[in-house]
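Before any comments, here is the structure.
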């Protein structure tokens, strides 16, 4: 379970998160939507401790992420994350991209790591690209590889940050398919996305962020059909 | 073309000088590169403000003639510290620091060229800072840095011609000694120049080739 | 360990002489830089032409300048070419050596810069009725100089540092030469060369900083 | 002290200038030979240690001592008062006369006729410092060029880059005789005082300096000085004493 | 009048123009359409002598472009050309871009050149950008500046090579407007374009190029409504 308690975060003068509260239960899929700069990406990077926070608390399975005593490297193994920007390791093949962390971080043997990697790569439909270098992959394939790479660490949670927004339109579908599959398999996920119909489809709850505040949260039906907050209304109107 | 008094002995003598040039260069480049990587990483890690003293220190090696660095180091070690260090040692010491100053810049550029998001991805997979450095940053930074590094190593080889001031008889000094005896300046200088050229040119071309290849993908 | 007595006063008394030397050093560096740029532009144009001899001249020059020590080039300019009965004064020899070196390195930079300028630029110029020379002069060249401004600054610093090699061809009016002469008189080696080092450091800093200011003013696009 | 250090280390490191024939030069195998080399070997033998020849260009002789690179200078070093502020000299072990060597075809026949010409000498030497002062005085077209080594000076002279040089008579004769340099000849003597040269060591090493004085004295007494002079230079042996004064 | 007579042109082995014949009368607007690589751009660069030809002849007002004796610099002053790729001179302001050639080539004084430049820049709607550097301009503005730059030499002919195809869709309109205006003012023009409706609108004649051959030429009505050549038919079908 991920517990986010009154989290505040600033970059210099700029306050980016102004007291966020959000609990994500095991098996839940929570989608975060909101305008550009509203703090969605920042929240995700705070959850796995890539960014420090100013005040408040984030607990993952009861461990406080930003406590001094927390072994972040260990914690991060539980939390997979896939970013908007492609970030394949360009000097490694697809297979090596996926096996690197299991081998070096978990100390897995080569054969075992490759077996797991192959399973996940097959799962995301890249079973035939094992020896390929990422520069030869399309954007959609790169994002699916990044998902397999994260899954290979057997995380309990997955965070997705607009994984389709840098993609050409015709490639978006294949990646969303993969996400949907994961959701159906019961993975706990926080998803930032601009694909509203997709959000409605897979989410248990949808949160709307506005200028560092979680303005509204509810089931997809509640939030999309009957938005309460005026900003939610105008945001939804603008993306439709 | 040349009617020369150059004997086999003299060629051996020249070869010895060339050997010294190569040894001094090799030692300085190895040590300088190790130091340069350390300094470069420190500079990236600490940021511009905190690493300002280091930056300033390294800057000296790039802003003062190598000849003066050598003379000063020699005088300092011997006159002020009263240490009995060989000229060879002083030469390697100065050239190593000299190399490290340039190398730190190259390393910094290489590391900066690795996208933040790639490094974040590595850390997100649970890799430690060290693992990130070792498996992701260094391999990627090397691609960016290697061509310039080759240029640097060749530069150090050429600059090693100045270590004669601390009584190290490298190639150019050996040539001058032979000129003293044989009085065939042009012929001997051409031999000497050809030697530098033969080592430098192919490596420089190789660096250019790598640069082209790696900037394409 | 520190039984060495520093005698800064004695050394500092020589500062005016050293500053005179610094002026000569600047003179050599600036002239060699201006000539170097000029020759580098020529070499770059030579390399662009289809003429084989011109190409060969440019390539030979550039590769020798980049693949042999500067000290060698300067020594060659004085003692090497004298074998053909051509004599240059120490000042001229040093100037030739450094100019040769500058031109070689700069030409290589210019080539890189040239590659970064799309050839549609030159075409656009010619389409407006400019001659190839005009379109190079007014369109390609300014852009090329902008791209290579930073490398040019670095080369200028190099030129300053290279003046210290003039002593090998009998130069004693530049900063390093003056310092060496003073050292022969007084043997305050450490003090004198430390002061020379500081002067060199200041000169190079002033150059890099002013280059930055010039760049900010010059390149507003 | 230094004397003990040398004896116990079993090695004597001498600064010698090796492009200054016949005092220091190299043979066909590029091994050091010459008057100074022999002198250093004698000194080492007297001390019962092994000699190590450290080649130093003229401008680097005293810095090499100061930076502890050598124990003693056997490097034809003029015992000027300015230098004695920094290093300690032994009594003279050799004396040079200064001569003018000119390229053939110039009209230089005397020291004064160098006026208006380009002349040179080795940077940092006694004769260079003196000559530069003359050149500054002469002005109009006279130019002085200091080169780093004696070889460069004669090379420049032979190439015609210099019209004349002032050097010790020994080195001038050796170079003219060697036949390496065409078209140069010794034309006159220079109006400089006789150039007495001493061995030098750290100025506060009295024990060692004392030993050096006695060693020089012994070389003369035993006839070794004459022997070496005959071997490397030949002719009349110059006197090493100054009339009317001790030391 | 531009007379193109049996012009052949190769790049190495590749024959790009295989005998083109075309006369363009004073005041006429001829549009060239055709598939990628069919030789349209090459024809334009041959007309102003930027590329040599293998055989045939091009006459501009009776002067043979590729004759040895022809002063190409002089000839080019008559022929303005604007390319597909933006090629503003980035180191010069808009005003300097436009005045450079009149001053250096025609030897005009600064004041006179600027007066002319201002007139043309106003004409293309850039009257308020005189001191701006081109990097600050949108693609559409850059192309309009390029048009003004060409016009400032008072050319008798203008050649346009797909001047809108590197532009974002919303910027295409402003440039086409400018072209239309020129056409209406009676400028003799050869236009390469992919904008079919525009071609139909402004052209006196439309030529269809296919693999280095001018397969068909006619009035817009003829060519668009009733294409004769099968390749013309399939090309028009593909772009509609």
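Read from first to last, the chains carry the letters A, B, C, D and E; within each, the first residue is number 1.
One rule holds for everything that comes next: contacts are C-beta pairs under 8 Å (C-beta built on N, C-alpha and C of every residue); 3 or more make two chains touch, one makes a residue touch a chain.
All of these numbers come straight from a predicted model, not from anything done at the bench.
Shared contact partners of subunit A and subunit C, listed by label, are B. In the absence of subunit B, the touching network of the other chains comes apart as A | C, D, E.
Note on subunit A versus subunit E: their Cα superposition corresponds to a rotation of 175 degrees, in steps of 5.
The chain with its Cα centre farthest from the Cα centre of subunit B is E.
Among all pairs of chains, B-C has the largest number of C-beta pairs in contact. Centroid to centroid, with C-alpha atoms defining each point, subunit B and subunit E lie 54 Å apart.
Per-chain CA centroids place subunit A at a distance of 50 Å from subunit E. As a whole-number value, the distance joining the C-alpha centres of subunit B and subunit D reads 37 Å.
The centroid of the Cα atoms in subunit A and the matching centroid in subunit D are 81 Å apart. In subunit C, the positions touching at least two other chains are 79, 82-83, 189.
None of the residues of subunit A touches two or more other chains. In subunit D, the residues that reach two or more other chains under the touch definition are 63, 66-67, 152, 155, 159. Chains that are in contact with each other form these pairs: A-B, B-C, B-D, C-D, C-E.
The residues of subunit C lying in touch with subunit D in their complex are 78-79, 82-83, 85, 87, 89-90, 167-170, 172, 177, 180-181, 183-187, 189. Those residues of subunit B whose C-beta lies close enough to touch subunit A in the complex are 115, 117-118, 120-128, 131, 135-136, 139-140, 143, 217. Contact residues of subunit B toward subunit D in the complex are 7, 9-10, 13, 71, 74-75, 77-79, 82-84, 86-87, 164-165, 167, 169, 176-183, 185.
In the complex of the two chains, the subunit C residues touching subunit B come out as 1-4, 63-64, 66-72, 75-76, 79-80, 82-84, 157, 161-165, 176, 179, 189-190, 193-194, 196-197, 200-201, 204-205. Interface residues of subunit C, counted against subunit E in their complex, comprise 118, 120-121, 123-131, 134, 138-139, 142-143, 146, 219-221.
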